[in-house]
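Structure first, then comments.
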Amino acid sequence: MSFSVAVAGASGYAGGELLRLLANHPEFEVRTVTANTNAGQPLLAVHPHLRSYGDLVLSETTTAALNGHDIVFLALPHGKSGVITETLDPETLVVDCGADHRLTNEADWAKFYGGDFFGAWPYGLPELLIENHAQQRSQLVGVKRIAVPGCNVTAISLGLAPGLRAGVIQPVDLVAVLAVGPSGAGKSLRTNLLASEILGSASAYAVGGTHRHNPEIVQNLSAAAGTKVTVSFTPVLIPAARGILATSTARLAAGISAHDVRSAWVNAYADEPFVHVLPEGQFPSMSDVIGANTALIGIAVDEAADRVVTVTAIDNLVKGTAGAAIQSANIALGLPETLGLPLNGLAP
Amino acid sequence: MSFSVAVAGASGYAGGELLRLLANHPEFEVRTVTANTNAGQPLLAVHPHLRSYGDLVLSETTTAALNGHDIVFLALPHGKSGVITETLDPETLVVDCGADHRLTNEADWAKFYGGDFFGAWPYGLPELLIENHAQQRSQLVGVKRIAVPGCNVTAISLGLAPGLRAGVIQPVDLVAVLAVGPSGAGKSLRTNLLASEILGSASAYAVGGTHRHNPEIVQNLSAAAGTKVTVSFTPVLIPAARGILATSTARLAAGISAHDVRSAWVNAYADEPFVHVLPEGQFPSMSDVIGANTALIGIAVDEAADRVVTVTAIDNLVKGTAGAAIQSANIALGLPETLGLPLNGLAP
Amino acid sequence: MSFSVAVAGASGYAGGELLRLLANHPEFEVRTVTANTNAGQPLLAVHPHLRSYGDLVLSETTTAALNGHDIVFLALPHGKSGVITETLDPETLVVDCGADHRLTNEADWAKFYGGDFFGAWPYGLPELLIENHAQQRSQLVGVKRIAVPGCNVTAISLGLAPGLRAGVIQPVDLVAVLAVGPSGAGKSLRTNLLASEILGSASAYAVGGTHRHNPEIVQNLSAAAGTKVTVSFTPVLIPAARGILATSTARLAAGISAHDVRSAWVNAYADEPFVHVLPEGQFPSMSDVIGANTALIGIAVDEAADRVVTVTAIDNLVKGTAGAAIQSANIALGLPETLGLPLNGLAP
Amino acid sequence: MSFSVAVAGASGYAGGELLRLLANHPEFEVRTVTANTNAGQPLLAVHPHLRSYGDLVLSETTTAALNGHDIVFLALPHGKSGVITETLDPETLVVDCGADHRLTNEADWAKFYGGDFFGAWPYGLPELLIENHAQQRSQLVGVKRIAVPGCNVTAISLGLAPGLRAGVIQPVDLVAVLAVGPSGAGKSLRTNLLASEILGSASAYAVGGTHRHNPEIVQNLSAAAGTKVTVSFTPVLIPAARGILATSTARLAAGISAHDVRSAWVNAYADEPFVHVLPEGQFPSMSDVIGANTALIGIAVDEAADRVVTVTAIDNLVKGTAGAAIQSANIALGLPETLGLPLNGLAP
């Protein structure tokens, strides 16, 4: 048994990472890679690190190029996935790494993205574990459409959802500040993404709740809390190409002990292959998860501040994008969830 | 007129930065540099970048070596400044870059540092502007002892104090997450400070309120608020040698407009030469202030989260340590406050 | 069929990388990991990125701990491998990532390392392809002892040997300058390896032919040339944790065309799975090979300078150490040479 | 006495660095800053680190804007300086940081740059010290036109010229490999200059003698040697925003001792304020000179390889561009050569 695969938008960082991971997947076989301005070039000209794809050439991102595969991974700019998916075979498993099918609320889409609204698909964050919610793992089985979460959203959701669901933290005044690498912004040619600007520096952006991932964060955390949450999210660009280190904090709920707090996370992820809660007093480094589909979470209670602080490390391109896509595809197709996915990070 | 200067602990990063800045000060003349294990070596052997000090040799840190100067800057490990100062001439201006004389509360000292308590000195953060408080700028004039604030403390205090003092933000549930460079930890030989560990990574430490700067942050912000504050502080080590980018957030006080918020900070720093509030929608990068005694602050109101977010950039070794020391010494001696201090950062 | 494996010196960077790669090897099963000061600790306490080794504990590096395995990988400081190997079962495959068994000439050992000389073992650089020389690939088959080359040596040897062997470059005035990451120096607690020293900087070391890898470079290149070569080698430490980018240059031999030059390298590596010569005008980036057992080589002829310039990228911890060890072990055991080894790099 | 200054091309990195240095120059007063696409913007919008220029606005780069100043610094793309200078007042001191007036040979210009050739100006590398050559320091006095050298050219010329002039190294088979930061390439929006591409990596470019600085290197070194040299030059881009670390090597001349070698450099730079030869066994780090107009040089003789190796560190934007421009302007105007220029680097 083997599934044929097409990757649309293969020339970007997310597309490249999908290909890097797919090369090690025993049941997926990449047959087609598509691009926009790079169409016609050998894949190696764009991704010289992907030596195992020696003979593949990028073709145009068209319906004809994508149809006829068992699985299509989309790594396209927002607005593009929604349009092309309407032309794809409904029996093809389409996994969208973009934003077009993440938000359930059309007003959120209009405010943060704009343009046509395409509606939400089953959500590719199997560990979110929200009761009575369509995004539960079991509900990914057999689906033909999957929306992969935003990378920042994954880091914050994994870091705060268990506490909200268990009621050990309060749903208001959540604060998340994320150290993020520039690869999350893709290959866009923008001055603030130049190495000269980022080396030796750090800068916050989309400060004050204007980042497009905001409504998706609220959507996930509100579902976990069972009530609408308020959350302040600030991404800080740092000089490391990949990775997210999310410091997510919340007010301790009344009468909750430090032991109760820890139990909420430990219980939530006890059986998860890819989400690990670290022992007391330990906190993850970003490099622990680089290249891996793993999320590591450390938890502390600050008694003086009356707040819980969680630190979550993921690789934005793996657990934050391409790994989540493959993990969700594995579930949808009835394969072992961990098939082909790396657990160990590349450090140092 | 010219003041003779000794720098104790000159072989470390803070000591080196004091020397770099002092070389450009028209009224200060460095005559003596002392060290511990490096005593006997030429200064250039330890700081090959300080080419202007070609003939200076490091001597032992003793009372005899330090006495007889107009000014002594101490860049010693905590616990050392308190002891040696007791032996120094009371007419010498002693500026302590260490922690020994920052905390007013002995219980805080005992809990976070331990060992003998030396009592608080006038506090070298002239811009803190706390009414009816001993740390006001005017009260630095003529003093003979100055305690330089902790670098993280400076970044958070500058970022939140104006809002607390003006009452536009609430004194509870303050949250500050700081991207910090490893130079703040000095030249300590620890595995987690090795380049291989820090490059390509980021890691939180002292999570949950255990960092030694915590009581000093609470001390400053409580003074500004006029009531005891609660604050969660998490430093995140990033791969940039210098600099702090502090994302400090607070709950909006009831009935306060975005305009009121901005005014609090703009008014507080209107006449400050070294603390600049950026125009609406602009936020600082760490590299904007590298090498400079400048603090840049950007402010946003997140209406959905009902919180104010401030982003403050300083150089931990300049405005966070050596620059603050010199600025405070200028005030104490009746010199122009900005004398010899750089305003422009080194970017890119 | 499956081979039991012990890794000695598992707590260092080379040991950790061996474990990362071995986790993906279908025929090797890690049963024992040993360390020195870290003995007694869970492996995860030292290498939190190696999540797949959840239950392994580091034991002392003793003969008893290592004997009884099919394969022992040694990642020990120089001088240690030679001693312990004398106590190991002669039927065990011992692969030494250290320097103890690389040099054939005792005087070189005495000059650059010192202490007891242990003699050379079969050399684990299968692609060196030196005719009539003991290091040829076929001669690794069935051996029980393998010396893994030094990482810098591998980069320079792969970059220059084909031209020397083919006679298209001259054996004198070879010059190699290598950009290297600090992980090559291991976890040693030295001031010059601190992040604060390396970030935003670059520094040459062992300038003037004093690096321990020098005699090994001369040994390999002289074998390829069929005559004693002269080579100037300078490593330059840069702020990237892993990787080597070697710029190796040589005088063009008389009457040789640019086409002849390129052919020498293309022919030498035509059938190599892990060494790829890039098309004309293309040169590798270090990040193309991070995490991979791949070496990429770009070649140019500078007509005006009458020199050939080759640029070779490897990951010092993979093709430069742990990957080479496993590749050589595969050959020794009659397994497919590429088994369990990554070909694709992790970029960006 | 005070000189009025205009900086053309002020929005780029070289322009920004000119302004940073000029802010500390006691005799130069910046009145006009010009740009191309950024004209009309406040300077602070483009260079938020230059806080001392609060009220300056970028105007268009026109003859009218530039004429009427005592000094005009040009930081323009090549081809632009030549054109605009023809329209500037002949009595204005024009200092060109671009390439238009560096090469003496029109054929070199045609081959490496192309377009109109504007002829060579007095050359702004006072330390080159080439006998009987128009570029000697004394010949900068009183000139009205100065060409600032290329940054890589400065590093290599300072590193090799003394040995060539003294005859202790041979003029053929010179090899220079430079670790360079991306700021040397300016703010160009190119994929290979993105932070995601450069972080964690290193890459050689213009391999094989194709870099535009090649003919200028040959021009300088041939003048020093008194005969046409052959030199192989390879720049390697590393993840540090600023700085050049040049490893320049040459064949030892026959019968020359290590002492003779060292003397050649020590004598050449004995009286230079900005070029320092380090003691035997010491080599510079790039960070030693960041922000400074200083060049540090370490020298070793590799007896086995029969070659001399010099390691030269400069800041590409200071001694490599803006500092050299100001130093040369000081000489031209009869001011102290060191006026307003920093000697100490910013480290760590």
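When the chains are written out, they are named A, B, C and D in that same order, and each has its own residue count from 1.
One rule holds in what follows: a contact is a pair of C-beta atoms (placed from the backbone, for glycine too) under 8 Å apart; a residue touches a chain by one contact, two chains touch by 3 or more.
Just so it is clear, the model here is predicted, and its values are computed rather than measured.
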Original post:
Compared with subunit C, which chain's mean CA position is the farthest off?
Top reply: B
**OP:** Identify the chain pair with more contacting C-beta pairs: A-B or A-D.
**Re:** A-B
Original post:
Per the centroid of Cα atoms for each chain, what is the distance between subunit A and subunit D, given in Å?
Top reply: 45
Subject >> Averaged-CA centre spacing for the pair subunit B and subunit A, given as whole angstrom >> reply: 38
Original post:
Which residues of subunit A are in contact with two or more other chains?
Top reply: 13, 183, 196-197, 199-200, 239-242, 284-285, 287, 290, 347-348
**OP:** Within their complex, state which residues of subunit A touch subunit B.
**Re:** 173-175, 177, 179, 196-197, 199-205, 207-209, 214, 218, 230-234, 236, 238-243, 245, 247, 249, 251, 283-287, 290, 298, 300-307, 309, 311, 347-348
Subject >> Partner subunit D, residues of subunit B touching it in the complex >> reply: 13, 16, 20, 23-24, 47-52, 183, 199-200, 241-242, 276, 278, 282, 284-285, 287-292, 294, 296, 343-348
**OP:** Sort out for me which residues of subunit B touch subunit C in the complex.
**Re:** 13, 181-183, 187, 189-191, 193-200, 239-241
